[in-house]
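Pasting the structures in now, so scroll down.
Shared between the two complexes below is subunit A, which has subunit B as its partner in the first and subunit C in the second.
And then the complex of A and B:
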């Protein structure tokens, strides 16, 4: 009998747990440790944040789903890993701290044969003065990173709409709250949904809408930009994105490291070193991400966190962490099996693995402040990593000497549908496909991507797809009949 | 045809990019055309998913 423990039941962890349970015989245990009792389809938080959906439409309770399929569910957060066991025992274990199941605050040691770290990001609001403290969002801005945040964002948005109806002009500032943020796509979706909502409410002419981003050009998306095959041109995502903002009358501030947030005002440093301010009535700023801060200890109790985790708290895997300068970066720097190289029974999937470096070119201001997007690890690659890692572990439990499945971001594409407004006949979204995610300038000189597989278009059809995906992925996550037929 | 461009100021950043004109905008929410695009995008995404699974 083997026990697989999965830390984090989000996109990657839930996918890994579901497939592992399906592929492993009942004599093996699959345990999920995750602190929230509700599963959240995060992409639809955007619609909650503009009142287009209710919070209850984007979440569901995890316990009944896991009970149905025989996954041992612990509503707890992982605190530390002891990969070598402890004095008197060689059994590897993690320490968890319950957040529910009537055991709040209690600690427990959970032994494992295989471990997956899929704990996603720590929302590091505390990295920017005034944006929040630690993982707690502050009071000056809103967020759409969780369903609760999104519900609160909509509440604030409705208050602004009421003010505009009463004749008060409002400034909306949407974007990234730090120079090292990722997830520009979510900010992109939110600003377009705000604009769409204000138009539908008949108050668009009372709003100034501004995008503030750490990208050096619009459409970088943390992927160094993308060239889409579009209308007979290899069109840069810069043109694609600028066109959308220009058409909707929204301004943009580029290369910005927001270093201070106060009531109604942000202060930011630009790539040219200038310090500037921007006032707002409503601001949604994505916080920077870090690892969730799990510690690791050797058998003798010494701290080996630095061995297993990178300084940003993400878990080291089979990536090349010594790639050096941008000019030397190669697609092969990116991990394939997602296996930790010191402890071969530990894997990481989704946002939790430490990328070898960014995808966008590193930049900094003349003052030395780094200002560039960190690499996105969106839903599709996160789920594919979860599935691949589960596949490898199941095979290793059955006797394979090493991982049998790979999920390298340099060898996979990503399909992304970014909402630009909700509505059965009035909605639009940008449907983008990118192949491969990590540009390969040797194989695809000039653009780094295969133009046969890299496309983008805006329209109602993409909105329909986004809405169908909402229902499809919730169906899949609830492990309802036929869930394996819905691709990751 | 181009009323939606009236807000663009000369020499503003918005002035330096391409913007869709009326027919392109119409196509984006034209149900018949979008049904065609729905099928096309789904095929495109299916090919991408098949290419990505190892």
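And then the complex of A and C:
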């Protein structure tokens, strides 16, 4: 009998748990440790953030789903890992602290044979002065990172709409709240939904909408840009994004590291070293991500957190962390099996693994402040990683000496569906795919991307894709009949 | 050395250039070659992609005749809207009014990889905006609306350069399936109107035979489309979910049209 413990129940963890449960015999245990009682389909939070959807439409309780398929569910957060066991026992274990199930605050040691770290990000609001303290969002801005944040964002948005109705002009600032953020796609999608909502409410002419981002050009998306064919015309994501913004009368601020947030005002440093300010009435600024801060201890109790985790708190896996300067980066730097190299029974998936370096060109201001998007690791790639890691572990439980499945972002494409508006006929959207996520300059000289693998779709059709994805993925996540047929 | 320019309708102009990563002799040679090419054509600047090198590099000469080398340029800030009348070596004999910004602030790297920032305005600023656009793929024609694009295409073809601002190589092969099905069904649809005219029974019957053929061929092609699209989706690990959704929807659409048209033909054309 083996026990697989999965820390985190987001896209990667939930996918890994579902497949592991399906592939492993009943004699083996699958345990999910997650502090949340609800599962959240994060991409649809954007719609919650503009009042197009209710919070309850994007979440569902995990306990009944896990009970149905026989996954041991602990509503708790992981605090530390002891991969070598402790005095008197060689059994590896993690320490968890309950956040629910009537055991709030209680600690417990949970032994494991295999461990998946899919804890996702810590929303590091504290990294920017005034944006928040630690993982707690401040009061000056809103966020759409969780369903609760999105609900609050909509509440604030409605207040602004009321003010505009009363004749008060409002400035909306949407974007990244730090120079090292990822997830520009979410901010991109949110700003279009804000614009769409304001138009629908008839107050668009009372609003100034501004995008602020750490990208050095519009449409970088943390992937160094996308290039695709749309309506028969070859378009780069920069040309495409700029025309979308210009058409809607929205401005943008590029290469910005927001270093201070105050009531109604942000201060930011640009890539050219200039310090500037921007006022706002409503601001949605995405916080930078960090690892959740799990500690690791050796058998003798000494702290080995630095061995297992990178300084930013993400878990080290089979990536090349010594790739050096930008010109030496290769797709092979990126992890394939996602296995920790010191402890071979530990894996990481989704945002929780430490990337070897960024994808976009690393840049910094003359003052030495790094300002560039960090690699996106969301949605589909996370699910692919979760599935691959579950596959490897299942085979290893059955006797395989090495991981048997791989999920390298250098061999994976990404799709980005940015949709505005939620109505069946009133919305519009842009769907883009890019292959591979990590540019391979040797295989595809020039852009590093296979142009045959990149496509774009604009308009109502893409909008429907987003709808179908919403219902499809929630169906899959609830493990309803036929869930395995729905692709990642 | 003077390099050969790529000219319309060469689609390589649409390739988004990669950032320069190696600041070495190869790069310096390219910069010198671009300067030679600019002099030869009496131009004021070139983006590397204009000589078929997909690198984010612009070489330009300002009004004082001084050379500038901009590597991996990024426009950070713009001020003021303006219209500039522009020409491009890529589009011979074409002159168009293009919306630009009066003033730009940008950063770039020099040939040693050091980052600098700079401001530009007026004609030099417009030229840089045009050249920097090249490094992200596409010409100033991208800034034109559909009608003006067509007009430019027509003018170019009168001048002997036949083509369109179209990157057909980028389009998936499954579009061919759609194209053949559409053509088959288009004629089937047209034939539905033939009973309005005085046409012999034999002709009607042979048109009905065409309908049967078109229906069977369409159904086979729809299956072929689905199989091919599935193969194509599995070839690259991408958001397979999104792709399955989109091609299934297309297949259903064509299936419904095929059935409706055949039903029409059966009642209107079948005289047997």
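Operating definition for what follows: the second predicted complex is superposed on the first by the 483 of 488 C-alpha atoms of A that agree within 3 Å, B and C clash if a C-alpha of one lies under 4 Å from a C-alpha of the other, contacts with A are read in each partner's own complex, and residues count from 1 in each chain.
We adopt the following convention: a residue touches a chain if its C-beta (ideal position, glycine included) is under 8 Å from a C-beta of that chain, and two chains touch if they have at least 3 such contacts.
All values derive from a computational prediction rather than experimental measurement.
When the two structures are aligned on the shared chain, A:217 is found in touch with subunit C, with no touch to subunit B. Once chain A of one complex is fitted onto chain A of the other, the partner contacts of A:388 are limited to subunit B, with no touch recorded for subunit C.
Of the two partner chains placed by the overlay, subunit B and subunit C both lie in contact with A:411. Of the two partner chains placed by superposition, A:108 touches none, neither subunit B nor subunit C.
More residues of subunit A lie in touch with C than with the remaining chain of the pair subunit B and subunit C. By the touch criterion defined above, A:441 reaches subunit C but does not reach subunit B. In the superposition on chain A, A:236 contacts subunit C only, with no contact to subunit B. Residue contacts after overlaying the shared chain place A:249 against subunit B, while subunit C stays out of touching range.
Counting contacts by the rule stated earlier, residues 239, 380, 384, 411-415, 431, 433, 435, 453, 455, 457, 461, 464-465, 487-488 of subunit A appear in both its interface with subunit B and its interface with subunit C.
Residue ranges of subunit C in contact with subunit A, taken from their complex: 11, 14-19, 21-22, 54, 72, 74-77, 105, 107, 115, 117, 133, 136-138, 142, 165-172, 236-246, 249. Within the complex formed with subunit B, the subunit A residues making contact are 239, 242-243, 245-247, 249, 251-252, 380, 384, 388, 405-407, 411-415, 425-426, 428, 431, 433, 435, 453, 455, 457-462, 464-465, 487-488.
Of all the residues in subunit B, the ones that touch subunit A in their complex are 4-5, 7-8, 13-20, 27-31, 34-35, 37-38, 40-42, 44-49, 51-54.
On the subunit A side of its complex with subunit C, the touching residues are 216-217, 224-225, 227-229, 232-236, 238-239, 253-255, 270-273, 326-327, 361, 363-364, 366, 379-380, 384, 411-415, 417, 431, 433, 435-436, 439, 441, 445-448, 450-455, 457, 461, 464-465, 468-469, 472-473, 486-488.
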